[in-house]
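One chain, subunit A, appears in both complexes that follow, with subunit B as partner in the first and subunit C in the second.
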Partner chain A sequence: MTLVQNFPFFCIILSMFSAIISFVLSGRQAKIVHLAMTGLVFVMSLFVLQYTYMTGSSYTYMMGHYPAPWGNEIRIGALESLMAAAFSLIMLLSVIGGIYHIDKDIDKERQGLFFIQLDLLLASLLALIYTNDLFTAYVFIEICTIAACGLIMARKIGRVYVSAVRYMVMSLIGSGLFLIGLSLLYAITGQLLMSPARIALQKIADTGQYEVPMAVIMVLLTVGLGIKSGLYPFHTWIPDAYGYSTTSASAILSSLVSKGYIFLLIKLIVRVLPYKSIPGAQMENILFLFGVVGMIIGSVDAIKDKNIRRMISYSSVAQIGYIYMGIGLGNNAGADAALFHVISHGLMKSLLFLAATGLIDCSGGRLDRKGLTGAGYRNKVAGVGFTIGSLSMIGMPLLAGFVSKFMFASAATSAPIYKMIIAWTALAISTVLNAVYFMRMVLVIYTPVGAVKASRLKRGAQTDIEIKPESGEKAAMLQKGPLENIGIIGISALIIMLGTYSQVIIDIIRNGFALFD
Partner chain B sequence: MSKRNPDYENSFWQKFAMWCSGDYDPAKGKFEMKKPGQKSKGPNIIGKLMHILAQEESIYASERDKNLRTFNRFYIIVSVALGFLLTILLLVTVSQLPRFGDANAPENNEVARRYIEKGLEETGAVNIVAGMILDYRAFDTFGESCVLFVASCCVLMLLKEKKPEPEKRYDPVNSAILQPAARILVPIIIIFGIYVILNGHISPGGGFSGGAIIGTGFILYQTAFGFEKTGKFLSEKFIKVITVLALSFYCFAKSYSFYTGANHLHSVITPGTPGAILSAGLIVYLNICVGIVVACTMYSFYAAFRRGSF
Partner chain C sequence: MVSTFFTNYEEVASCILFVIGMMNLLLQPNLIKKIIGLDIMDCSVYLFLAAKGYIEGRHAPIYVDGVTDAVNYINPVPSGLVLTGIVVSVSVSALMMALTINLYREYSTLNLDEIMMKLRQEETEKLGRLTYGAVEDEE
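Up next, the complex of A and B:
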């Protein structure tokens, strides 16, 4: 076994160890440890990606001295390492893009804890990506849930606690359903490793035993992960959780945490749950239906909301709907499109959150359209970033969003005819609705205002619940924010790269997905 | 001839007479009257409060919406109905599962067989469960201890105060019943906890249960003697350092084991003589680590809820 093959294990252990060691470090040191660790994880994941793509195969890695059904194991292929690289890069850029806001929004003595939670979040996401064992998946789902909850409530303002409690309740219902489903699965198969569990389930499905438990298991596992990722009817926790936490937390929650669960669900569908072999179970169609409804309703809600950050959060509901629609199409092309959208939406959403915060800061903390008038002139980088993100969301060619919409549309052609028509109609309607609210916001931030009014808007009436910066120095830092601009520029460049050189990524996803089974 | 007061002008009765006729005001020059609302130095507390209230009002206005209230009522009914439905569904499902203890049940397969038949030989742990969680599936258990760690970080993030609250307010210190009882019970509890941890690989028990027992011992001691005395051996720094050391040792030890296992290298860890205290490879040390983490987490949860700090 070469050294490169050890890297995924190193990534997981490294992120957990940096969380542990950060407990005795100060906030500043914890921040440095976190940034260095995330960068290292990204580099190592790139090496693994290169290795797996070149060899064109996947391998299992034994966690300990005992082979798989007895010990733990992780499984690494091109797709997994691509996701690990993308997730760590997005996390790195999101933290850099909101680094001054972490200073400003979170008390000094809590910053260390904040970075511990970020470290463990990355560890759990990596473990969810790589794991080949259902119970390991459950353990890391728990870590992910608690860490995400901590990220939401790191900012000490009233509304955050309401949203953190709501998130906690919804998320725990999701994990609870998942755990019940898992126990039932173990009771009828006696396996926790994915591939043997699939063989056992297939045998049960063929003999026609345990019909009710089979259906219940599928529903519970799917719905559990659906709730946690914010699928349409269970999306009520999203706008508050994403809308009021600190910038980096919002960006990471919306672009990574929900995607980790979606990736796990895709893995379950491919490796464990025999969706296709049970004729009565309409799971794919149900996911498709909820996805399509979510695409429309999420966009409508986003149009209705005046608060820019809540608007972006509602847009997440719609985008998660896209992903579930792709899964629900039931063919490989649909899953490829969903996986591509996981990455492209991760980039777009974190960019939009970071840029929106930049715009809000130069408008005296106002979140509504009136207050943000002309903000694109006051903070040029954030304005351009927001525009690129919005155009990509709408599906402008040369940007990442276009590629994923194109992939969804072409995947729909090989689906049954009624699904094709529904998917195309939903894509068209949703694109128009996206354009309505994103273009409206872009037009608002580029509406010129006079110099006098601009300075008044810049000072702004404090209608937001922003906490004022403690000292003048910090305020000055916030005004300039060169590091935060690096985050915004970096993600914008990645979106353009993903839009123009998409074929490489699509190839990796396609080859990786073929090996996924 | 009546006696006349020589200082009649300044006498009390003259002043009283003058006050009655309105010529004299005793308060004059002693009280300062200011016109209200000119300049109020110092913090305008009421204004700030109103500002905060207005903000809260705008934040929570959506929750007082009338339509929303109706919707919430509808929501409660639906959720109760859904809960019942789910309960019935799960009961029906469970009734169709293989019977508990059935020899032919699917879970009695080659996985469980190896744990039972070869567990002692391979891990050196008489307690098969300890061998399973700390050797066969140690990665999951490392994840579980990280769940505890992240949970305690989360609670601290929520409850941590800059200045811990003074303890006199609600501490039952110097209670005549509690203190003697604690003096007898605490050592026994802690020694029992240590016994459970150290024998985790030989008898039922282990790090999680033993750590919980020790944690309750600490909590009892604190309740009886107060934070001042507990702080002598359980300060915030000490808890942090010992938790980090325990988790780091777990991390390194298991990383070594994972690395050698995955790369098929020779490992220096041997199962040893089954039944001895220092046997079963890493299990006894990992049990100690888990026990430390659990005990510290339990005590820090309690302290954080009690006064917002360790």
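Up next, the complex of A and C:
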């Protein structure tokens, strides 16, 4: 065993360990530890990615010297390490992109706690990506939920507690369903590791017994993870949870937390549950249907909402609909597209949240369209970032969003004919709807408001001059340097890179997914 | 059919409890009752697991008197899962309670519907202020 093969385990332990030592550190030190740790995890994941991609194989890593049926293990392949690298990079850039707002939004003495939550979140996401054990997955799902709730309520205003309660209620129902599904699975197979469980399930499916329990297990596990990732009919907590927390938290929650659950679900579908063997269950078609409805309804809700951050949150509902539509297509190309969209949507959504915050700041804290008029001239980097994110969301060529839409459309060609027609229609309608609300916003931020008013708005946001009831409290935040811009520019560059050099990533996803079975 | 329900009464009970707990968690407006619902839901799963792991006439898997044959013991894995699950659910309920305390301090009620109503009022006021500010700007 080479040293590189240990890196995934190091990544998980490192992020947990930095959470533990951050308890005794000050907020500033915890921040440095977090940034260094995330960077290190990213670099290590790249090494693992290079190793697994070069050798073209995957391996399981035994934890605690007990062999398969008793011990716990993690499984590492190209796909897992790609996801780990992408997640840690997005987290790093999102934290950098909102670093002054963390200072502003969260009390000094509680900042350390915020970074502890982030460390734990990364640990649980990495564990969800790598784990090969179902019960470990459940435990880390709960850790992820708790850490995410901590991120939501880090900003100490009444509104976020309500959002956090709503988030917790939906999440806990999701994890409760997952847990009982897991218990049923254990009851009929006697296995908790993924590969033996799959063999046992396949055996049971071949005999034709236990069809009802198997269908129930599939429904429970899928719906549980669907609720937690914000699949359409269970999406009510999303706009609240993403719309009011501090900007890094919103970016990370929308781009990473829900994606961790989706990745786990894809893993379960491919590696454990015999989706194809139970014809009566129809899970794929149900996911497809919910995904398609979510794509449309999410966009319609986004058009109706005036608040820019809630608008971006509703667009998450639509984008998660895309991912589930890809899974529901039921072929490998669809799953590849869904996995690619996990990465590209992660980048786009964190960019949009960061850029939107930049725009809001230079408009005296206004969240509505009227207040944001001309904001693109006042904060140029945020304006360009928001435009790139919006164009990518709509699916402009050369940007990441185009590649994922193209992959979804081409995956639909090899699906059954009725699915192909529905998928194409939904893609077309959803693209038009995306264009309506994102282009409207881009036009608004590039509409000049006249020199006098612009200078007043800018001054109001940047100094202590009171021109609006809101400006006083927001004023302090804008003694900021170039760091937040680095986050926005970095993610924009990544989106353009992902759009132009997409073939490399697609290759890794294809090869990794082929090894998944 | 009915006899199956009677032989598997633990599983039936845990399913009923699970649904009761989940509905409470979802539909109760009172935050404390929501937390109780959550605990009922989690406990029903532990009941299910414990019932699955028990084998009639065998002992707890604790090594005494030099009996090493596995035939004498019940399945230890579900018990381990229940223990882990209890730890998880305790921390989750603690978090929910902390949230409830904070909400009570802020809005002096435990009813989520009332809290939402107050919140909406606050927001309408804030929106009114904002529009007022915008009108002032255009003058």
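Assume the second predicted complex is superposed on the first by the 492 of 517 C-alpha atoms of A that agree within 3 Å, B and C clash if a C-alpha of one lies under 4 Å from a C-alpha of the other, contacts with A are read in each partner's own complex, and residues count from 1 in each chain.
The criterion applied here is as follows: contacts are C-beta pairs under 8 Å (C-beta built on N, C-alpha and C of every residue); 3 or more make two chains touch, one makes a residue touch a chain.
Everything numeric here is computed off the predicted structure, so don't read it as measured data.
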item	value
First, second, both or neither for A:Ile173, with subunit B first and subunit C second	second
Partner chain(s) touched by A:His65 [first = subunit B, second = subunit C, both, neither]	first
Contact breadth on subunit A, by residue count: subunit C or subunit B	B
Touched partner set for A:Phe135, first subunit B, second subunit C, both or neither	both
Partner chain in contact with A:Ile20 - subunit B first, subunit C second, else both or neither	first
Which superposed partner A:Ile146 touches (first subunit B, second subunit C, both, neither)	both
Partner chain in contact with A:Gly158 - subunit B first, subunit C second, else both or neither	both
Residues on subunit A lying within both footprints (that of subunit B and that of subunit C)	135, 139, 142, 146, 149, 153, 158-159, 180, 186-187
Residue ranges of subunit C in contact with subunit A within the complex	18, 21-22, 25-26, 31, 34, 38, 41-42, 44-45, 48-49, 52, 77-78, 81, 84-85, 88, 91-92, 95-96, 99-100, 102-103, 106-107, 112, 115-116, 119, 122, 129-130, 133-134, 137
Residues of subunit A touching subunit C in the complex	135, 138-139, 142, 145-146, 149, 153, 158-159, 161-162, 164-165, 168-169, 172-173, 176-177, 179-180, 183, 186-187, 192, 366, 368, 370-371, 453, 456, 468-470
In the complex with subunit A, residue positions of subunit B that touch it	55-56, 58-60, 89-90, 92-93, 96-98, 105-112, 114-115, 122, 135-140, 142-144, 146-147, 149-151, 153-154, 156-158, 160, 162, 240-241, 243-244, 247-248, 251, 254-255, 257-264, 267
Subunit A residues touching subunit B - in the complex, by the definition given at the top	1, 6, 9, 13, 16-17, 19-21, 23-24, 61-66, 69-72, 109-110, 113-114, 116-117, 120, 123, 127, 133, 135-136, 139-140, 142-143, 146-147, 149-150, 153-154, 158-159, 180, 184, 186-191, 200, 210, 212-213, 216, 463, 465
